Amino acid sequence: MTVTAREGKASGPRPERIRIENLHKSFGEIEVLKGVSLTACEGDVVAVIGGSGSGKSTMLRCINFLETPTSGKIIIGGEEIRMRPDGSPADRRQIEHARQHLGMVFQSFNLWSHMTILQNLIEVPVHVLKVPKDQAVAIAERLLDRVGLLAKKDAYPAYLSGGQQQRAAIARALAIEPRAMLFDEPTSALDPELVGEVLSVIRDLAAEGRTMILVTHEMKFAREVSNHVMYLYNGLVEEQGPPEQVFGAPRSERLQKFLKSLG
Amino acid sequence: MMPLAAMAASPFELLALSPPGWGGTLLLGLANTMVIAVGAYALGLAIGIMGAFGKLYGGPITRDLLAVYTTIVRAVPELVLILILFYAVPGLINEILIGLGHERIVLPPLITGIAVLGVVQGAYSTEVLRGAIQAVPHGQIEAARAMGMTPMLTARRITLPLMTSNAIPGLANLWLNATKDTALLAVIGFSELTKATYQAAATTKAFFTFYLAAMALYLAISLLSTVLFGRIEKWARRGQRVMSR
Amino acid sequence: MGAPRAEGHEQMTDFLKPHRIVMIAIAVALVLACIFLLNWSWLENPKYQTLILQGIWRTIWITIVTMVIGMLLAIPIGLAQAAGPWYLAVPARVFCTVIRGTPLLMQLWLLYYGLGSLFPSIPWIRESDLWPLLRQAWPYAVVALSLSVAGYEGEVMRGAFKGVPHGQLEAARAMGMPRFTALRRIWLPQAIHRVLPTIGGETVLQLKATPLVSTITVMEIYAVVGRIRQDTFIIYEPLLFLAAVYMCLTGLIVLLYRWFEGRMPKRVA
Amino acid sequence: KVGVAAEPYPPFTSPDASGNWVGWEVDFMNALCAKAEIECVLTPTAWDGIIPALTSGQIDMIMSSMSITDERKQTIDFTDKYYNTPAIVMAAKGSGITPTAEGLAGKIIGVQVSTIHENYVNKYFGPTAAEVKSYQTQDEANQDLAAGRIDAVMADSIALQAFLESDAGKACCENVGAVADDPTILGAGVGAGLRKGDPLLPKLNAAIAALREDGTYATITAKYFPFDIYGASN
Amino acid sequence: MTVTAREGKASGPRPERIRIENLHKSFGEIEVLKGVSLTACEGDVVAVIGGSGSGKSTMLRCINFLETPTSGKIIIGGEEIRMRPDGSPADRRQIEHARQHLGMVFQSFNLWSHMTILQNLIEVPVHVLKVPKDQAVAIAERLLDRVGLLAKKDAYPAYLSGGQQQRAAIARALAIEPRAMLFDEPTSALDPELVGEVLSVIRDLAAEGRTMILVTHEMKFAREVSNHVMYLYNGLVEEQGPPEQVFGAPRSERLQKFLKSLG
């Protein structure tokens, strides 16, 4: 395990990529996030763990404004996203621009059902980022090959197995070559072999200096891949720190209980 | 603005409810229109539901027959169908009856009209509902089947409610068409709203008065239906996430 | 209602199954009976032949032109209702309600005999280069029929836009697609996909709405046949001929939409 | 049962606000049926469905200002004519149009669809006119003439006279005279339609003649028109 | 861990619940299942593991005829499901009846989006099994409480987090009190704490004599919960046996590689 490599990168000042400050989010009556803060710099891999319903997905979705935060600040690439009082982005351009450098893999994949896998991958590069089509196809095919889906490139998403859809969703996010990525349980439908593969993809990306925030339920995976772990409980950060500390010597009782289950 | 509306009487006199005003005639026409429209729409919906399921899940013969039905009925103008069904079919029956030494029969125009328009509506409903059913996420139907629901029950409890939100706009269009298609029944001597309007207008030459009045009546029906269909759609969309912008 | 079949991998088996052959035989017999037992002599009249050809052509182009213009209008109207700010949504809604709520015949009539008869009394219009156009009937027909499509299809598109699953758009937004691109590439195609069967039906309806333009002197096929019927008092033959013409045109429309539909995935996840 | 077209054609047939049909043709029908000793029930029927209604037996006779033509005689039988009014041309005031081929050359002419007037215009003026427009009803043609979208209309003198007496008609248009007669097109007049081979035909013809004879015809006509509408007896 | 209990149950003749024999399934050209056989008796918990796209979900879906097998036999509760030559069930009644005793939890949950969670749970009991409504509600509420979702019972599925949806799907399958259950990755969206909870639910069900077939990517979970493990590779059973043997001493090289990844 390449702990040293990651530790090495963790030291020294690196430019900040994603910062959220005191983020609150309510759905109607229910307050789902109650003040969450986080800073992720270039090359950082932040693992977000926590119980079901604790607000992990919501936090991730707030970062790129798929949910409008109730209050708090979001700073991407050093630039604060300007919000209206109701939390919606004040400048559509700004948020669109920010999103183009933020890959996202959804918990429910959300592949576009009217496009084949290949079309899903080249859609944003060709039509938003204006990459020439053949170049986009070449990149897409390389990515599909890497996640073992090249044979399925012309299939429609509804005809793929769960794991295949998840891999396609990861490849789609990678295809825009984002500076930072948000993963929502990227390995939930994958077998151990593929989890290992995703792990190595994420490590490569981190080594290239990309920033990643990933929500996961697989503690082993979180431990191996991240250099920072954040444990969310009921909309609040209960504990955070380097994985060695969080997994090895958890201080919070809740976290201890959380980690203990399933032996 | 009204070159021909050389009105001897004011619009209010013309639209008065009792003769010599024509308001009563128009309202009677409206009532006739509603009776036919409701009947034809209900019949069409019943045909449409069966037709859509038949087209999607039926055997090859069912599907082919339904294809012939929807294609022919949707292809041929309603007026032609009505003329043929109302005159040619009874004509044939009567010829046979007379040949056998029976009396001529005369079909009741109301029932015949409703039946003919209903058959036409059914073809359109079939297509609207088919599209709506196809747009229902596959997994939700599978979940029903996996739990041993019969096709009838799946249709009633899962597919129909889920497709309703997709189908409502198309069905609303069909309903409005039904109210207006009743004008076709004028051919078989039915005095519904359009016909009554035309008669009033042509007799009095106050075209604008009557056409605007009729348009207002139609608009009133339509507004009422829109409110109603809006309610239904809102209900049908329960559980769907509303998009934040 | 039969048992639902597993979808998605039904292969296109031979077109000629036994029951199809029976159906085709019945159809052929019916057509032959019509051809030989009825009176078609009027079709040989050259005067009617040219009228018929002209009529068919008018019907076709009016349908196509108004459908295209109408759909182009319907998309923004549907979108404005589904996701627009109130100052776009409300007018769109009112437009759809009025168009859908009143008979096309009366709209056409008000446009041609109402608005159209105002123009000649305005001198500068009469003087302008537009007058020869405004004097004709077909521009009014095209405008009225296009607006009608826009009204009906605007409503259909609204439902379709709303029906696209939430996650599909989120994925587009999450990748920084500008709103218009997301609309053009994701939202619109999926919306169109859901309503293709409906729009196919509405196109046929539009085809059958074209007869109304005969009331403002545009002689399309329905008017031509009506005229033949009234000239000759032959009852059913011209009607059957008309039915056949519309059936052919509808057949073309159905084939066209089937081709569109065939290019889309059948199953939505 | 006698069918009249449910489209009003005043002053021959039109409904009043309480749905009773009135007019010259209605009065004439009542007189005719009384004379022929048959029982008549007036059944309004749409023009489009009137021939099928006759042939399928839902009505037995059509009295709806229906012109007698050779083409139509192949399908149904007609009684002798019971009225025939001359055809005139109406144009905008001061247009200088005359009811001749030269006078109408290069003009747009409006006619009601499927009338003898349409046939006449197509035969005599069509080749030189700019365009012949066919309207569903005469009212619409008149309105377009008033609006200036067409230059002239040709129609039955009675129908046009009614329009010319209205405010709108007085304001815009004038009668520019009758067209040259062509009995093969204009001459046959209006008759009642019957199913082919109906035995009633001779009885009705006799009744029409009798009504002419005994002055009933003139009495009815005087109620509606200041002149005789029977036309030349041929 | 209660290895003895399960071992105890494994001995002695128990009635057979689900048997598949030489199951084949093709999608068009692609043969996804190439002859799979399996027998599961009362109280058996069979874990199916294997790479993504190896045919696990397809096998599960064939068992209750959501996919029509290309060939092979399926015997449920000792009764063979009669098939037409094309693989579709010959007797709709028979398959409907069989399905009513086969709970299924889908990989993608497939909760009915027009019904609240509670309505989802009582739908089949009330409308298919004709359980009185108040009784069905009582059962459903107990189940929801058990999976920690009672507070969400009146929410629509689209407003739930991934893990909450998955728990609701499990509860829905349990609500029909099936004799046998098919789980397709029932813990993919769950945190370790909830995985432990699901584990205990499954153990309880097994103790009651129910049969379970579950597809999972979590080897630890598979090992703890099952008394029989089946490793699928490319549409064929590569190896199977009691979990101690499959995980402890895998013979097949592929399985060794599969299990080795991610440490």
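Odds and ends about this structure:
Letters are used for the chains, namely A, B, C, D and E, taken in the order the chains are written, and counting of residues starts over at 1 for each.
As a working rule, contacts are C-beta pairs under 8 Å (C-beta built on N, C-alpha and C of every residue); 3 or more make two chains touch, one makes a residue touch a chain.
Here the structure is a predicted model, which is why all the values come from computation and not from measurement.
The chains in contact with chain B as well as with chain D are C.
Greatest centre-to-centre distance from chain E is found for D, with centres as Cα means.
Of all chains, the one whose Cα centroid sits at the greatest distance from that of chain A is D.
The mean-CA centres of chain A and chain C are about 47 angstrom from one another, to the nearest whole unit. Taking the mean of the C-alpha atoms as each chain's centre, chain C and chain D sit 37 Å apart. For chain C, the set of residues that touch two or more other chains comprises 3, 5, 8, 113, 117, 165-166, 193, 235-236, 267-269.
In chain D, the positions touching at least two other chains are 48, 52, 55, 143, 146-147. Contacts with at least two other chains are made by residues 108, 158-159 of chain A. Touching chain B in their complex are the following residues of chain C: 1-5, 7, 17, 19-20, 23, 83, 97-98, 100-106, 109-110, 113-114, 117-118, 152, 155-156, 158-160, 162-163, 165-166, 169, 193-198, 200-202, 204-205, 208, 211, 222, 235-236, 239, 242-243, 246-247, 249-251, 254, 266-269.
Listed in rising order, the residues of chain B touching chain D in the complex are 3-6, 19-22, 24-25, 79, 83, 86-88, 90-91, 94, 104, 106, 186-189, 191, 195, 198-200, 202-203, 205, 207. On the side of chain A, the complex with chain C involves touching residues 61, 64, 66, 92, 96-104, 106, 108-114, 123-124, 127-128, 156-159, 172-173, 176, 182.
The residues of chain C lying in touch with chain D in their complex are 113, 116-117, 120-121, 126, 135, 137, 214-217, 219, 223, 226-227, 229-236. Chain contact summary for the complex, chain D toward chain B: residues 6-8, 10, 14-19, 43-46, 48-49, 52-53, 55-58, 137, 139, 142-143, 146-147, 166-169, 171-172.
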